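Here chain A shows up in two complexes: once beside chain B, once beside chain C.
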Partner chain A sequence: MKRLAAVVALLGLATTTAACSGGSTNTPGSGGGGGGGGGGLFTTIDVTRPGLEATAPANPYNPKGNSFVGYNAMRIAWVKNHLTDPNQATPGIAASWEIAPDNSSITLKLQPNAKWSDGQPVTADDVRMSIGIAYTQGSTAFSITPGAAGAAADVEVVDPQTLKITQDMANPSPKFARGVLDTTVLPAHVWSSVLPTDFWDKLKSARGEGGDAEKAREEVTALGEKVIAFAPPKDVSAGPFVLERVNPSEALLVKNKNFFNAANVAPAQVKFLNYTGNEQIWNYLTQGKLDQAGFTATPSDVMKRIEAASGNEVIRGYSPVAVGMAFNQSKKPYDNVHVRRGLAYLIDREQVTKVASPEGGTAAATTSGIHQKAAQAWIPETVPQLEPYKPDVAKAEEEFKKAGLAKKDGKWTLADGSAWKVSMHAPSGFSDWLAAQENIKSQLVTAGVDAEVVTTADYPLYLQELAAGKYDVGFWLMALGPAPYDIFQRLYGASNGWTNVGNKVSHSAAGKNGNWMGGSEEIEVGGEKVNPGELTGKLNSVGAEEAKPIMAQLALAANQDLPVIQLWDYVNTQFVNNNRFTGWPHDDELLRGGGNVLMSGVWIQQGLIKAKQ
Partner chain B sequence: MSATLVPEAASASSTMRRNFWRGVWRVMRRKPSRMAGVLILIGFVLMAVVGPMLLPEHLPGDTNAITQPPSWEHWFGTDPQGRDVLSLVISGSRYVLLTAAVTALITVVVGTGIGLFSGFKRGRWDTVLMRVTDMKLTIPGLPLLLVLATVWQFGSPLQMGLVLGLLGWGGVARAVRSQTLSLRERGFIEAARGLGLSTTHIIGRELLPSMAPYIAMNMLISVTGAVYAQVGLFFLGVLPYESDNWGVMLNLAVFQAGAMITPSALGYLLAPLLAILLLTLGIVLVVDAMDEIFNPRLREE
Partner chain C sequence: MTLITRRLAGHLARGLVMILVVATITFFIVNNIPGDPMAARYEKLIEGGMSPEAAKQAVKVLYGFQPDGSMWQQYTDYLSGLFRLDLGVSVTRPGTPVLEVLGEAAKWTVLPVLAGTLLSFLVGIILGVFAAIKRTGKLGDALAISGSLLHGIPQYVLAMLLVVIFATLIPILPADGSVDILFEPGFNAGYLGSLAEHAVLPVLTYALSAYGGWILAMKSSVVTVLGDDFILAAELRGVKRSIVFRYIARNAILPLFTLLALSLGLLLGGAVFIEKIFNYPGLGWLLIGSVQDRDYALMSGAFLLITAATIVANIVADLFYTVIDPRVRGGEGAS
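Up next, the complex of A and B:
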């Protein structure tokens, strides 16, 4: 869920449009002073969060905190953007780790020379306390929710450099190690006051059952608020940089001389420029101001200008996210699979992608519930069996007729003769989704299906109303890899009625417990009845090889049943400038990281980025 | 007696009316810009009434010509859906102008009604109504609209006009009240009272006509106010999306097409701006003409 939140936040941001303001106009030069020497000033933006807040604390859990993950906030390791393996990572605070073959535990070996910016060493106790703090925030591996899959059972400090974290094998998850590695490390000598002395005892009782456990869980969750509000007197960082100052237009970080790989960190200073909307990022980029910026939805003409600016380069990589047009099947006529298929034949996805996301997306090859690149890696034999739903008006009409719809005066009406209008919803800031829906509307209207686009004020409200079943059709992020369960739970998870608690999958009726998609509990795939939610639930506990046939079955199910029409698969576009720094990675696995991670910080701390001579 | 008086009065009023229109014509001719103003306003009204009838309900888009700069084929270029920007401005004008008209009507009717009643009656009613007006005037309009937009979706131009009108009558009410207070002490009103004419007659026939030019000018000015307010709200993206609304066009031009960065989207940004500018210009010119028509001192110069 954390990963999903991150993707959602990133995409939300990438498509945010907001009123723009002047912002910072400082020109980054190559001869920046201060810091610990090296290659000058590195200018970037925090693409995960618009709007700097000068008074916010250097707290990575604070939504507005001036903690930039990869720069002045460190994680145990940096999870990679691997196509299929969720547990691959590059070293962070942990220099190396060992995952037990059955995924039951992970043993971390910390960097021997890791120090905080105030000179104190980074120890296993710091990591243990950080895990405690992660529990208060309910992360994937450190969850106290009863029955949560892939949660840790024990955290043991073996020696000052070694920790062993054991998974609760009652309900294991193949991505347990990822959850552990993707945890922020905080200094115990600064943060320890946040957790009460009896915290670990409380945690133990929270993992139990009964009234005491419930009370303990409430206490741990309540600590979460305290963690979010905590303001360290000054930034103490184990990362390559430490926060120097923030004003409304920029945040300045200087090199942390105590960082374990400081010798290979090229920039002496890092500046994060403030922005409120994409338009401002485009502006910075066309002026060549930024050394790096993460994924930002960009129209083609603007992209051309960005590419034309001196030194700019656009690196394109794999992004395990797709967007689909999702149906509320409790609303008529979307309960009828033929209507959904008819719409799939009507909508030209190439055209939609061309209009809506020409630079940041590839038209979906078909609806499989999985990104086309990941599909080739996981289920290459199944891909050719999938119906491609190429635009075909005749087939669409055939499907509509099968569904009992009728065409009167060139317009399709419902079976009972009443008017049919495809009402599509999108949050108003998401310009690419809006452009897509506007294009779909025009395609549908041309084919005689009345359609409209309706906006909702913002993304949280959109998700809330979508979950409440207020919309007929809405856009939905899906295929959130790399873990197979994460990919398919977007189609056959809680939003479609299946909840997975304690490795037991149960189904709620449409309109209950967040089931807004309202699909049937059992669907027929190739003449065989399957329960897609149960299949998806299985993905949470099986290994990669066992997962493949299940994924093939689910891809076929999604392809025939069409709970969503997959529209485009996102492309991770990264913007870099070669005038001041070089050495940008082009490797897919390094171009994208865990939630809220600013990958440029990771590249810098690995010593990949070099100052241009 | 009344039998002889009536025809005389009728012929006198028809002569006055003739003189009035002759005066109007003279005033209009004196500055050609005033004629231009009238033509602009007529143009906009035609655009809003007839324009959308000439265009298809859903404007066709050409995905091979997305966000094109102005050309002979598309005078203001195309939008990010490949639709003609000029057609979008025309089909969007109905919502904008209808809202503006409703706003102006409500502003004037409510503002004048309250102002007249308050100024003529005076006393307790005046105190109560003016305090209400004061309170209304202290509420800042745009922030209130932003808050209202979160709870009320202004789906139709009538709703939008109603809200803007109900937010905008304060100034007119205050001004009309002060005019009424000053006029009601004048000799001709006293004479009318002395003649035993009814209150309805005094207000309808004596007071209102002397204030008509003032009210008419306020009405036109509130049209521009309503256009700015609604376009502003749509631009900020707080109102439901209507692809051909001028404010949405501005929003999409800046935030979707990147008009501040790429010149190809400039036409998309400029077209609705020009429409607003032209409409304002037309109103300013007509108000200038009205000022002279109704103001005897200016007429004599």
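Up next, the complex of A and C:
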């Protein structure tokens, strides 16, 4: 027994030593020791990325990188999800910018006092190098894909504070400026070794044609892997905070005293908490631990507990996302538009939303393929023309009869008399989708349509099986704004057979090249045949005024043809706590962040958030 | 060649073959798990506001890390890497060797599971002896019932009960994470205190759930020993009660040492549910994440590590038994 006790003691010591020796990354020497100090400790989560990784570098391109956009990762500007203008943004490293009237270029003016956390100034050369890095990853404005819409043709350093980026007008995009502004800025004195000295020559070759261009493109893409894996020796940030250390449960950032607006940054430290699922976020929120958290699907009973916690408040704004019940039109009877319409008349969307996403969604007014708020802004004249599909059993039965369905013993059957069951699929863990499907099932069964809900193990499997055409009906995110093309490509893009390469649109048959929706290549809208995929493709290059009639046509097409039944439009629901910090924006404009940005970091750096006195 | 050396050589050879077989099976199972991680990543990016083209390119770059070539080619590459202790590179942690990621997670599993196992073992065997000696009394009954009850409750239920009691109703202990980041890592009171505080609930869960097994096993073993002739002879000879107690304990504990060695081998398997519930960043927690992300190299590595640890524990248990049991050492029990 004595020997056993000795072994136990040694093992205990060894494991404690192991735990003490790890878990820290960059340790510049300040902070730690418990307690917030200064302007206090701000606690939050990175809602865009579950799972902190202590071994990951402070690299914004690394999927587990300890780079928190808005905090220790800065972008040229913070793009907004404006209802109609995708190029609107809040200043970041660029203090201002000017977009050419024909959208052919954007000229950036950097913040005059911008410095890196190590004291070096942020210059136009840093931004140019960052653009080079962005090319290796492929981005909207910095793409080497031949014919890519909205790609930059030239990056010119005008002076240490000014850059001019020119668009390739052979295939312009109205969201070119958005693509430029949404670029992460990295310090050239830390990162430049990642790019070879002849990088810009290679890039020039890559933008050409022929064998050499192809080889150059491969080389640039290969650099992308090097960029993702790059580990800076320490975090050098131009943002309001800099990474201090990380353990697998938490990350600590401290205030960057060299930040250009440091005087107005309230928190002295920021702590990011780890989570792997929504349940952990709910626990943090119900305990009042988080000063701010982004949208998390939350059941109504949990929401009540969150709202009841001391200091907690829920703020809401516009979110350019909706969810729809999508049909695989290769499968009977969903190939028949009358069946889809009949189902739309049977489903009470208000009820579904109330059950599934009472705080995070607004019942869709109708199916248009576009968020209701954006629809009102883009195509106000068309909205009243859309069929609202209000719950109406008589209309549903009429549609089912038009499709040849028959009702026997109170149950609807297929035209040939065989049984019909609406089989809906959703991935495990998507609590709002599953709750919605259960509610829809109950509504359909009450109306004599047999239905079932099938849970898929996880999201990757769900997407694979959906794309393989294994499901009759699945849930699908749609209306992803603010750019018109991005909105409609969810209905009339690759999932429905249309591929857009260099603004050349081609259509694949159902079941091929990811076409699982299997809709018709041409559909009739108001007595006129239209190709919705080609119309969507046009949205990638036309300006706002030209886009409006196209969007109106597409909204009518979606409304009449119903490739999906739009169920609810998401709401940008943010959780904040007023016990330690105040000044949370309630203005919808300020809440509308895009591009996977942590908006609380943007609010902090703008000086909106104040420590509670 | 001594008996122990012969046994060690035999076990090592068998162990290596088993690890190879397990590595092969794991490789093919893991690489055939259905699901499209690239599509999931793409959806996540565009949901966050990235344009479809940019998201497509970003995913292409990221999954460029995924090994390509035929399955056979990937398998042979995997095996040749394995012989150099190179388990590949994690897709979700580009540039980070799988072994490094596993090492980081393993220590967070070993710490609480080891503490919980040893704690439950010590308490379990001591109370097991009492439960056997007092088996006809109320104390014996109470101990046996406590063992059966705790043995029967699933670990995750126990974990959730502890969270409700100590983190919600009486919020005195943290129920998530491993250590407060505000403390500078190292041998300082704040850091070690935070480390210990965060480990209390996971360790208690491991200890309570394992305790039932130890007390019941020890009770059963002691009851068997109590009926042996040498105990009766010792009592008849008037040997002191404390010495008789030692005879009983020493003989009854032998099979439990084997079980302990096997339990220690299962350490690295950890408890997926416990780590998930307490947000404790060990191997089980890592495994869940790697399956969700379809990080094949990490999944293979984690499964292999857990299996190898179990195989090694089996070998150690067998050798340990050879050392501590004179009958086996003398060749009586040798196979």
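Quick note on the criterion: the second predicted complex is superposed on the first by the 574 of 613 C-alpha atoms of A that agree within 3 Å, B and C clash if a C-alpha of one lies under 4 Å from a C-alpha of the other, contacts with A are read in each partner's own complex, and residues count from 1 in each chain.
In this section, a residue touches a chain if its C-beta (ideal position, glycine included) is under 8 Å from a C-beta of that chain, and two chains touch if they have at least 3 such contacts.
Owing to the predicted nature of the structure, the values given are computational and were not obtained by experimental measurement.
Asker: Looking at A:Gln376 after the superposition, I want to know if it touches chain B, chain C, both of them or none. Which is it: first, second, both, neither?
Answerer: A:Gln376 contacts neither chain B nor chain C.
Asker: Touch check for A:Asn513: first (chain B), second (chain C), both, or neither?
Answerer: Touch status of A:Asn513: no partner.
Asker: Check whether A:Ser431 is in contact with chain B, with chain C, with both or with neither, and answer first, second, both or neither.
Answerer: first
Asker: Using the superposition on chain A described above, determine whether A:Ala148 touches chain B (first), chain C (second), both, or neither.
Answerer: second
Asker: Looking at A:Ser300, would you say it contacts chain B, chain C, both, or neither? Reply first, second, both or neither.
Answerer: Touch status of A:Ser300: first partner only.
Asker: Per the contact definition in the header, classify A:Asn283: touching chain B only (first), chain C only (second), both, or neither.
Answerer: both
Asker: Between chain B and chain C, which one contacts more residues of chain A in the superposed model?
Answerer: Counting contacted residues of chain A, the larger count belongs to C.
Asker: Quick one: classify A:Gln385 as touching chain B (first), chain C (second), both or neither.
Answerer: So A:Gln385 meets neither chain B nor chain C here.
Asker: A:Asn113 contacts which: chain B (first), chain C (second), both, neither?
Answerer: A:Asn113 contacts neither chain B nor chain C.
Asker: Quick check on my understanding: which residues of chain A belong to both its chain B contact set and its chain C contact set?
Answerer: 18-20, 277, 283, 457
Asker: Which of the residues in chain A come into contact with chain B in the complex?
Answerer: Residues 17-20, 277-279, 282-283, 286, 298-302, 304-305, 351, 354-355, 428-429, 431, 434-435, 438-439, 441-442, 445-446, 453-455, 457 of chain A touch chain B in their complex.
Asker: Quick one: in the complex, what on chain A touches chain C?
Answerer: Those in contact with chain C are residues 8, 11-12, 15-16, 18-24, 27, 31-35, 41, 48, 50-51, 53-57, 62-64, 79, 81, 136-140, 143, 145, 148-149, 175, 179, 221-222, 224-225, 228-231, 245-252, 269, 271, 273-277, 280, 283-284, 287, 320-321, 457-461, 463-465, 467, 477, 480, 483, 486, 489, 493, 593-597.
Asker: What residues of chain C sit close enough to touch chain A in their complex?
Answerer: Interface residues on the chain C side: 34-37, 39-41, 43-54, 56-58, 60-62, 64-65, 92-96, 100-101, 104-105, 107-108, 110-111, 114-115, 118, 171, 175-187, 190-192, 195, 198, 276, 279, 281, 285, 288-289, 291-292, 294.
Asker: Where on chain B does chain A make contact in their complex?
Answerer: My answer: residues 58, 60-61, 63, 66-67, 80-82, 149-150, 236-238, 240-241, 243, 251-252, 254-258, 260-262, 264-265.
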